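Shared chain: chain A. Partners: chain B in the first complex, chain C in the second.
Right, the complex of A and B next:
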């Protein structure tokens, strides 16, 4: 199911989940076996999106079998003691619905959109595979081939993706986030069902899951269904979520790749930053900072670097706050003709230095908050969107209240908060934990930076 | 016990163990509980060195508690159900002996040198702590402080050591060898006795150990003692030694650090290479290559770069073959006055390119082999040396026969083998697994390389 993993990428490149959140009127209850249930009523059409989020992802895997959480996600469609391989998705299609799944560093999520009258059937099947997974052995090898092909298409055949993966691996030293969700090619080949089963048995449990149902239903209506289908599954004793620490280090690093397959240079720099779970106040300030730097065509990066100095054809400032552990801030861009990646890097850094030394204006902060709040209002329009927002938040350490109150919380961010956060996390002379990692992606015909040992 | 960990460093900077090895007349037997015993008779003086090597090290630790194997090594001197904290070492001293221990990525070793008549007492105490470790809780916190102080003194107060650690962490992406044996400072603080105990219970077992006794004793004399003291310890079901794979990657990386504490620039480059366990034939060829490049004052690096071109005041080419997993090749040096690290790097690379394209001469190979064999003869002179050699070999996948036959095996290496190995592992245009990682360590007053985003 190729399309499924596209969602990993959408999540990765999207603005922080919180940017979409605002008073959703979510209702919440917990079953006696520990399953947390969130209902987001939306009665415009008689449809629902039901998502089951498991609080386990790539980062929880044992060393040596990277990407196994994602492989398990694939196998979750390959049958149980009651269902044939493929029967789950086929049934949903017959009912006129859609289903899919995706894996992240901190969660694995399964979702189905159907008419509300078909919800009980969906829940029955979903609960079944939460506890009775039993794919026939002939699917182990074939599904491994599917994953390998997925990796080839998405990463190995794309020098930019390979480069991004390597950059990330050098940011997250000693930390699982340095390993891509799909896994390293040479480790995908080592998967064995016994390891997958052990992972499934350890982590897939009602007390390690969140059921999020969005659409034409209320908590009162959902509760008896949840009790009936999920309530009988016994809870488990869960392993701890181990997150090693990124160790402090003194030196700056630069990663360089020249490739025939690259036609335009790219400059990138990645800083480690706190996630919302690690530091909510700083995270909110960084969300505002990202909007000020790169929220629209009048944002600083675009206005000053693309329009003003004409150093780049595109620029990017992104902050990923949605993680159980560390978040990241990425800056980067495509240099204009005649501009080197180093030169663009210097220009972008000057913009950041201007914030660290001069701060931002109250007007910039006010505009940014308004735009972020507007985006949050739009997010309430869809059925599936809010389910995504709550699921990602609740599996990375935030609460329903955090999501509901986000719009009022973000409004409290001041210009001083933004300046302080920029100084704390983006100052090269006083790095937080360890210095950022810089990447230069270069077409083959352009000379590499003047460091003699950087060769093709 | 500060001095103990010095040995880790001696091992790390020493030539491959095999370079010291030659027909030692080793005798070998295995107890019914799986304890492997090697005796290297040497009757010049009535002394013995007894080493107990456990096949577990830093690389076998769970994520998040790096350096715990070394912390456990410290606690092994802190008492059992029968012995008081410190009693082990105190007893050895009373007997006129010496004792110590060290930890590596793949092993933990405990050794004692005493007069041969005191060997039974040593074995009794050594066997006791292999199975009955029981340090009083008040030592957990204090020993953690000892380890933290050890790390501060050896690494954190030395920019070169910190830099070396960071360089290593970027070479071994996704692999435990990227984490230093002593552990990351922020993870040392997290040790808990329950985790240490779990590690000890899982790995410390007779069937996961090698007893190496060198000196005034024979296998016939040792066997009843080994049976008496170690033979009664039950074997255990051992966990697998998990070694994740280093993933292939396309891009070259350069790590740069400017520091007030550095007074001379240093250039370093680290390649991943096979260990002897991974590829014995290639490993032997690389051992000869290292000797040709940097074996003595007429070796290529010194003769051409220091004496000839006067680009450096010192140069280094080292190959570490002694690992359960990947080995490394490091090249580097201290640039002469007026020479930049990049310039020295280019010069050293030219020397390597000369080998890849032009090979080495038969005379160079013959001389190198002779020098290596001579070193091996000297190694037989000491009592402790051979015990070190066998222990390191047997805990990283080699056999007694590998050590004994090393001198004849190395003699078979040809000039063609050396050229082929250089081409396979040192060619930047066709990197093996992934490109080497380069490091530039610079005094504060010298300008960094011309990459604008490399800042202090």
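Right, the complex of A and C next:
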């Protein structure tokens, strides 16, 4: 309950392929200062969700101050020359609206849901804090404490979360995605306002932002408002976005954590994979593969591993395609009583091998495409959801057309494409870039496995 | 009376005038109704006498149907079979009629139908979401699940195993652990104290026969509430409802559940767990919408901790103190008792300070009336945010269902703002004295809190094994 808002949006991010719609009827224009504006009309209720997305995130930070982009996101609610700390959210509440924000590796987004007649006030306040942030210094320290509490609550209290963080850092050797968005505990302590301000001044600019407004409005109605509130903000020269690359790393990595606080073992494995921006064709094929493997209770993983072989009580195959750089494929599960994580891992890998060698059937592909297209229709049944979809797409290198045409593009995927993508990204014997990283989480009473491979 | 010799003229004029007036009144009345109906909900009665509240909307080809059987939830689980209602919700969609588990699930996924069941303390519920073009199939599958579930041995065993590993996984989650502790201590021996998710020993005992008996006993028409929203086919809808629900048993046994009072008032319980934070969950007795002070209570809760950002608790402990990522209070309205609860977490060293701040904010609201502006702002939010809760077919169906569950009138939303706006600072203070009483609190802590005195140490998490 504490993180309800955040949780909903995490869900939306983790399954972007499932949420894209065949046609949202999105409209798009760009102001002369470079601000990109997307409008998704939906006149069911007299409300809008307005999201301001900045194309900067955790992965763009300098080394040594991990999580600073997220700390900045917190400070964005602490006032400008015109606004007192906290006044932004209080004003929105008084207007009957809700607001919040979140930070990812590639973006930082601020959102407000409110009745459409109050949209101008929201735009005025958002435009103000885009370039006039000025929190009083007494808030720097207390907000840092809030971030430390956030990290403790989300991560440090739960060995599974700590383990996930470490797995991720192992996957992304030499790449910023290996560092958690919230930052490492000992680096959070080091934030200084002057560094935050430098980061803010460099990246927060109209030509590095996307305004997405979904709801009871049209582009024609929004354009004069956008001109009025954002149009006068000058564009900036932006720093280059140079991201490091993951090098070939042939060694196998197996991590294991045994803890008193764990009562149920878990198996996980993470493959590095292309994002939609890196390779759209392969990305679409992997989206279909994920649906075939784990789209529902009759999909391959559940049917064969949980029901058929009874090796697990739950299984997971997920593909994250929404990233500026690399995507990931994660597989995993909760082993059944008496099954070790290694044993479950082998069973899941056998299922993957079956795809690499035998492929999938045309019927499987056809059904998966139909279901994905149907989820796209359901995605239109929301005001905030489509704003989320467009914002995440446009800040990770996709276009409005990519989102609008997703349903027709996904329909072009063939069984041969799925087999080829599985062979390219999931074959342990000839890995793409580097082998997948495996994780075993174990209760204290069970001895950990002998790990002879390189363990980090 | 009439001075004119021809009174008929006046009578005729009178009739004409009356007709015009009635017409005008009708017209204005309809206008007024059209203008103020916040959400147009219709009540439909089917040929078999089942009532459904419906909000039609064909802007998208989506249909949502939600229903609950009241007083049919985990409160009715036998003590040694805790988790029975929950397991029923897991197994009801695992095969029905001629379709075994996999065939049933395939029929759902082939038609992109979402069909789920859920069990709360006070109710057993179901939820169908479908595209218009598959609605006949969706209702056919729902009818099968409700009327002829199979409870085959394989899926029942699979769902039991899934629940057992879910419990073992949850044993690493401090918020789950805190919930176990507070529920046990606050509800005590009342039926609400049962673990609705089941325990490690109760779940293995449950048999397919137990599931069948629970379903036949409690999923009956006298307890049924139905809400529908979206692109409903008005020609076939009533007949469909009869086909799905019409053949369920007419009546189930009356369940005697006594009203509960919070037990262990004034006490603090601690379960030691080696984590960097202390999780805090507090419960105190409250009341529901049957009480004339309910709207004052809603506003009080919003001002105290319900608002999230902007609430007094969030301002004091997060914005000023930096002591937490979040703190919230909420009202929990059960059929046989009501609570106000507070949840938060803070680093172990700050736990004692946090507890005293939570109480200090209670005392302040008891002793000092809220300011006019603070109250006005709270009213603006509670009245102004209503449309935000109605932006999808699902949310609309949820709203309609909850109006019925809370036994509110069909036009309740139209008057909601008036009720809220009538509340005064004196009302809020009266309710604060009644509810926000530190002596009535039960407190549960999980973590390694520093400087906590007088806490009763709990060695084993209750209702898990």
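In this section, the second predicted complex is superposed on the first by the 436 of 456 C-alpha atoms of A that agree within 3 Å, B and C clash if a C-alpha of one lies under 4 Å from a C-alpha of the other, contacts with A are read in each partner's own complex, and residues count from 1 in each chain.
The criterion applied here is as follows: a residue touches a chain if its C-beta (ideal position, glycine included) is under 8 Å from a C-beta of that chain, and two chains touch if they have at least 3 such contacts.
Since the structure is predicted, the reported quantities are computational estimates derived from the model, not experimental observations.
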Inset, instruction - Figure out whether A:131 sits in contact with chain B (first) or chain C (second), or with both, or with neither. - result: neither
Inset, instruction - Figure out whether A:254 sits in contact with chain B (first) or chain C (second), or with both, or with neither. - result: first
Legend entry - chain A residues touched by each partner, larger count belonging to chain B or chain C: C
Legend entry - Contacts of A:159 with chain B and chain C, given as first, second, both or neither: both
Inset, instruction - Applying the touch criterion given at the start, work out whether A:62 contacts chain B, chain C, both or neither, answering first, second, both or neither. - result: first
Inset, instruction - Return first, second, both or neither, reflecting whether A:367 touches chain B, chain C, both chains, or no partner chain. - result: second
Inset, instruction - Mind working out whether A:93 is in touch with chain B, chain C, both or neither, as first, second, both or neither? - result: second
Inset, instruction - Check whether A:233 is in contact with chain B, with chain C, with both or with neither, and answer first, second, both or neither. - result: neither
Inset, instruction - Scan A:296 for contacts with chain B and chain C and give back first, second, both or neither. - result: second
Inset, instruction - Under the contact definition given at the top, report the residues of chain A touching chain B in one complex and chain C in the other. - result: 159
Legend entry - Contact set on chain B toward chain A in their complex: 62-64, 66, 159, 162-163, 165-166, 169-170, 173-174, 176, 178-179, 184-187, 190, 242-245, 247-257, 259, 269, 342-343, 345-346, 349, 428-429, 438-440, 449-456
Legend entry - In the complex, chain C residues that touch chain A: 57, 59-62, 101-102, 105-106, 108-110, 112, 129, 131, 154, 158, 161-162, 164-165, 168-169, 171-175, 273-277, 279, 307, 309-310, 315, 318-326, 328, 330, 343-347, 377, 380-381, 383-388, 390-394
Legend entry - Of all residues in chain A, those that touch chain C in their complex: 1-3, 43-47, 77, 85-86, 89-90, 93-99, 113-115, 141-146, 148-150, 152-154, 156-160, 215, 260-264, 266, 295-298, 303, 306-307, 313-314, 334, 336-337, 367, 370-371, 374-375, 377-378, 380-384
